[in-house]
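Next up: the structures, one after another.
In the two complexes that follow, subunit A is the common piece, with subunit B as its partner first and subunit C second.
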Partner chain A sequence: MSEIILYITILVIVIIIIKEKKILNTIVFFSVFSLILAFLYFYNNAPDVALAEIAIGSAILPLIFIISISKQKEYVVISKVNDDFINSKEGELCGYGYAILKEFTESYKLNLTIIFDNHFEFEQNITGIFKKTAVDLIVEKDIENDVYILKGRRSSLLLNKLDAMIREYDNILLLKLLGDESNE
Partner chain B sequence: MKNSEIIETVCSILYPLMLLFGFYIIIFGDRSPGGGFQGGVVLATAFLSTLFIKHYNETNVKILTKFEKYLFVTILIISSLSLITRGQILTNFFPLDYHENIRRYFLVSINLLIGLKVASGLTLIFSLFVEEGK
Partner chain C sequence: MEITIVLGFFIIFLSIYGLCVSKNIIKSIIFLNILQGSIILLFLDLVNFKNAKVPILPGEINMMVDPLPQALMITTIVIGASVTSLLLMMSIKLFHHYGTINWKELMETE
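Coming up: the complex of A and B.
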């Protein structure tokens, strides 16, 4: 009898997982799904598989999903300029370049993080998962031509939207670099 | 990342129990459901729960990497011991006419080593995954 109840519950939960729109709720329901699946394995004389399913399906996989979602929400920009384009006055960021980046990241619901660093370059070597920094964009200034240069990775699809947004500004240039493509 | 007090307290209470359960699954793996891999995953969840409370440091990763490599070599050596005692590779190193309670020690030792290797490997993958890009 309890087995039939479990079968019905697992069907209901699978339908909830498919229909649910919020991604965090989906992960929690996925964890519940794995737990019930482990019970079903146990009822069907496979306690070994049930143990592995409890440990992996309901603990480790949701953890991987949650960590990767929280990682996706950050957009790191390294700024080498500190003038009208982007500047920090008394801890508050302002400038018209900052306004563009803010609008760009808010359209994708990302958190914008700007770091002021004058000596940063994309790593050219293959460092794989051991690389220390995940920088999405670098802001530089070409003093001779008075042009602001935004450097990003060509593999990032988000840059197409930024390209469309800065088309009306003459003094902003978007460069798509090949670097770090081996990590994707 | 700042953790709440509830998570810290609950994790520190559950930590020894999770360790006990993991080692139980590993050591009784030849008699009851479980084994090296399942127990190792339970151990890894126990280690990970403390890893997120405490602040992570890089020496941890280096020690774990070395530990995992040595464990792998030890597994190979122990499973090759049967070449000396019985003339075959990758089997029990006790002769077959020994009592079951003595032959069991081969399985227990292999399970223990596999469990520790799985635990250290999963902890390593996770800590690298969390720290990547920060």
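Coming up: the complex of A and C.
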């Protein structure tokens, strides 16, 4: 009888996961699902499978899910300029370009990370699967025309939304480069 | 037919429905895990019988559950964890390349 109650609890949890919109709540419900499933394995005379399910299903897998979600929310920007567009004074970032990027990333719930690096090549470092950091945007300056250039991947939908945001500024230019396809 | 087997099949079909309906890639991966867990539950339920004992040796051998499916199911859990981590890594790369992990928006991009 208690077995059937646990089965019905699992059914209710799966229906809740189907209806749930927020992804973090879904992961917590998945952890509860695995825990009740381990009880059911124990009722079916398999205590070794239940032990493995408690360790892997309800502890390690939600941890991996949460780590991957926090990795997805990083928006990495490489900056080659260090003047009143973007600059860092004693560890604090400021400048009107930084304000634009901050507004853009906050509206899509991303975390902005800015790295100052003068020797960064787009084609060599942004392509390929096995790079350590996935770079999303590069900021450069054209000294002759006094124009700031932002470089990104053409395939990204976020870049099109950034393009609509910076259309009112005259001295900012957005370059959409081909990502992995440029080698072919 | 026992009612637990019917309920196990019902959970399997419900998770397949969730896999088809969900729009987020991470939610699809969660439903893949739920499908795997419910299939394991069905396997363990099929070899189980009434008044059965845990397969640990000092005891009556005729009353024990068959231990071979249980050993195979432990292997399945470990393989499922590794497949899940591989899928999550691919979803991170997909987000940085296309800027979204929604199935519908991904279908519209070239």
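Everything below uses one rule, namely that the second predicted complex is superposed on the first by the 141 of 184 C-alpha atoms of A that agree within 3 Å, B and C clash if a C-alpha of one lies under 4 Å from a C-alpha of the other, contacts with A are read in each partner's own complex, and residues count from 1 in each chain.
In the analysis below, a contact is a pair of C-beta atoms (placed from the backbone, for glycine too) under 8 Å apart; a residue touches a chain by one contact, two chains touch by 3 or more.
None of these values were measured; they are calculated from a predicted model.
Touch criterion not met for A:1: it reaches neither subunit B nor subunit C.
Residue contacts after overlaying the shared chain place A:71 against subunit B and subunit C alike. The wider contact with subunit A, measured as residues touched, comes from C rather than the other of subunit B and subunit C.
Of the two partner chains placed by the overlay, only subunit C lies in contact with A:159; subunit B stays clear of it.
Touch criterion met: A:41 reaches subunit C, while subunit B stays clear of it.
In the superposition on chain A, A:59 makes contact with subunit B only, not with subunit C. Shared interface residues of subunit A (contacting subunit B in one complex, subunit C in the other): 47-48, 52, 56, 60, 64, 68, 71, 129, 134. Only residues 47-48, 50-52, 55-56, 59-60, 63-64, 67-68, 71, 129-134 of subunit A touch subunit B when the two sit together in their complex. Residue ranges on subunit C touching subunit A, taken from their complex, read 3-4, 7-8, 10-11, 14-15, 17-18, 21-22, 24, 26-27, 29-31, 33-34, 37-38, 40-41, 44-45, 48, 52-55, 65, 70, 73-74, 77-78, 81, 84-85, 88-89, 91-93, 95-101, 105, 109-110.
Those residues of subunit A whose C-beta lies close enough to touch subunit C in the complex are 3-4, 7-8, 10-11, 14-15, 17-18, 23, 26-27, 30, 33-34, 37, 40-41, 44-49, 52-53, 56-57, 60-61, 64-65, 68-69, 71-72, 129, 134, 136, 153, 155-159, 179-180. Residue ranges of subunit B in contact with subunit A, taken from their complex: 25, 33-35, 37-38, 41-42, 44-45, 48, 122, 126, 128-130, 132-134.
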